[in-house]
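These are the structures, in C-alpha cells.
In what comes next, subunit A is part of two complexes: it sits with subunit B in the first one and with subunit C in the second one.
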Partner chain A sequence: MTVGDIVQALELTVYCGKKGLERRVTGGYVSDLLSDVMGHADTGQVWVTLQTHKNVMAIASLKDLAAVILVTGHKPDENTAHQSEEEAIPVLGTHMSAFDVTGKLYELINK
Partner chain B sequence: MRIVVPGRVETHILSGMTERMHFEHNIVGGDFTRAGYASSQVKKALKTLDVDMAIIKRTVVATYEAEVNVVAHACNGMMIVDIDGSTIQVVIQDEGPGIEDVEQAMVEGFSTASSEVREMGFGAGMGLSNMKKNADSLHIESEPGKGTKVEILMALDGREEVRSKK
Partner chain C sequence: MNRYSADLHVHTLLSPCGDLEMTPANIVEFAAIKGIDILGITDHNSTRHGALIKKMAEKKGIFVLCGAEVTTKEDIHCLTFFENNAATESFQEYLEKHLADVKNRPSIFGYQVVVDEEEMIIEEVDKLLISALDQSLDQVEAMVHSLGGLFIPAHIDRPSYSLISQLGFVPSGLNADALEISRNTTPGALRKKFPEVAGYTLTGSSDAHFLQQLGTLVSVFEMETRSFAEVCKALRKEDGRGVRVEERGK
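Moving on to the complex of A and B:
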C-alpha cells in the first residue's frame, strides 16, 4: 500500500510533499510527543499527530516515515510545508479526530 | 607474531570500513527551526559510508535527542563526530545551565523543559532514556552553570564490544 492509496481511501487532503505519494506504508504511529515518536516509530510508518511545526518533518525524515497525517483540521506551518517538499514526505490532513482516522487507517493497512 | 606461509598470498582483511571521517556542526540554543539538522548530517554521512541501517537508526535517535536538549536548554553547542573502522563517536557539548543531578535527569518522565517547549511536544522526559536505549555507550558530564558534554559511542562491528568498555 502507498501513501497515495491511503489519501484516496480516507479522502485526505494533500498539503505538501506530493512527490512522496508513492512511498510504501508499513504501518502507523499515533503520538504528539516527539521523543515518543523518535523512540518508537519505525521506517515506512504513517504518523498521526496534531503537531504542525517544522520539527515534525525533522523527525519524519530522520525516522524515514512514509507520511504525516494532521488531525482535526490542523494545517502545516509554512516552513513545515517547505521541508515536506524538500524531503518528499507528504503532509496530509483530515477533519477526523486522531481516534477516527487511526481506526480507519488500522483497518485499511491490516486488511 | 605473524606467520607468513611461503607461497601463499598474504591478505589483510579489515573488518568494517577503513575510512575515517571527522566533522563538526554548530547547534544554536533556542533555534527550534534548525533542531535536527546536525543529526540529519550524521545520518547522511553514515549512509554514504554504507553503515548498517539498524546502527544508523539507533545513532540518529541518540544524536537527535542530544541535539534537541542543546536547543531546548543551552545557549549554544557543538556536535563533533568521529567515525573510524570500528566506532562512531559523537560528542555533543554545550555552554548552558548544565544538569544539577544527572541521575535524576535519566529517570523517564523527569523534565525541566519550559511550557512553550512542552507544547511543541518536546520535554516529555523521554530524551535521555531514548539516548540510553539506543546508544551502545552513553557518557554524560555536566557542570551546573557551565555546560554539559554528552558522549555517544556506537560499535560498527558488534555492540557488545563497546558496551563492555562502559
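Moving on to the complex of A and C:
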C-alpha cells in the first residue's frame, strides 16, 4: 500500500510533499509528543498527530516515515510545508479526529 | 561587576497549583530570607500578581521581573518577562484573548485568586489558567519580542510540558533569550545530551509552588547593576557579563 492509496481511501487533503505519494506504508504511529515519536516510530509508518511545527518534518525524515496526517483540521506551518516538499514526505490532512482516522487507517492497512 | 542571585520562576497563589501560602507578602519575605536579589514572577498564563510583588519587593531591596509562564498550543511552557507596566499589560490582554475558554474547577485544580498587600482576595479568576493558548511557540516568541520582552522556554529537559518533550529537540533558529533547565539535570549533562543547546545561555530557577521551594535553584547573574537592560546583557553574555546555574539546599 502506498501513501497515495491511503489518501484516496480516506479522502485526505494533500497539503504538500506530493512527490512522496508513492512511498510504501508499513504501519502507523499516533502521538503528539515529538520526543516519543523520535523514540518509538518505525520506518515506513504513517504518523497521525495534531502538531504542525517544522520539527515534525525533521523527525519524519530522521525516522524515514511514509507520511504525516494532521487531524481535526490542523494545517502545516509554512516552514513545515516547505520542508515536506524538500524531503518528499507528504503532509496530509483531515477533519476527522485522531481516533476516527486511526480506526480507518488500521482497518485499511491490516486488510 | 556584581553577583546577584536570581530565582526567575516563581508561582503565586494565583496559579491553581500554587500553594495558598504563596501570597505576595509571604513570597517577598521568604525571598529576602533566602537572599534572593532578583525575583521572576511567573504564574501560569497570567501577569496579574507581578506589579504588586514588584512594589512590595522594592522596599526590601529585591528587584522583580514581571511576566508569566505561558503555555503554547504545543503545550510548551515558556517564561516571559517585560520591562514595564505598559508592555506587561499589553501581554496580559494577549493572554486573555488567546487562552482557551475553559472554566476552572477549584475542587480539581485549586483556587485562582488575586490578592492585595494585606492578603485580602480581590478577585477569583474564572478561566482555567493552566490551559493552553491557541498560539504556537513561534507566535508567542514573536509577540513577546515585539513588546521588547524576554522569552525563555522553561524546564526544557522535563518529560512533560517542555520544548524537548513536545518538539523532540530544540528547533533550529529558535529565537530564545535563554533556555531554562530543571533541577533534574546540569548544564553540562544537558549540553552533552542535546548538543543543539550549545549556543544558548542556560538559566535555572526553583519553579516554586510552595514557599519552601523558593531559591532552591538559582541563576547567578554577574553584571553591573540590577535592571532589565543589564539582565538582557547578562543573558547575551555581553561586556563580561554572564549567568550560571547554582543549586542550593532548602
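Going forward, the second predicted complex is superposed on the first by the 111 of 111 C-alpha atoms of A that agree within 3 Å, B and C clash if a C-alpha of one lies under 4 Å from a C-alpha of the other, contacts with A are read in each partner's own complex, and residues count from 1 in each chain.
Criterion: a residue touches a chain if its C-beta (ideal position, glycine included) is under 8 Å from a C-beta of that chain, and two chains touch if they have at least 3 such contacts.
Because the structure is a prediction, the values reported are computed rather than measured.
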item: Touching partner for A:S35 - first (subunit B), second (subunit C), both, neither; value: both
item: Touched subunit A residues, subunit B compared with subunit C; value: B
item: Partner chain in contact with A:I59 - subunit B first, subunit C second, else both or neither; value: both
item: Touched partner set for A:T94, first subunit B, second subunit C, both or neither; value: neither
item: Partner chain in contact with A:Q51 - subunit B first, subunit C second, else both or neither; value: both
item: Set intersection of subunit A contacts, subunit C complex versus subunit B complex; value: 32-35, 38, 51, 53-55, 58-59
item: Of subunit A, residues touching subunit C in the complex; value: 32-35, 37-38, 51-55, 58-59, 77
item: Of all residues in subunit C, those that touch subunit A in their complex; value: 74, 136-138, 159, 164-169, 171
item: Contact set on subunit A toward subunit B in their complex; value: 32-36, 38-39, 43, 49, 51, 53-55, 58-59, 61-63, 79
item: List of subunit B residues in touch with subunit A within their complex; value: 32-33, 35-37, 39-40, 43, 57, 60-61, 64-65, 68, 120-122, 124, 126-127, 129-130, 133-134
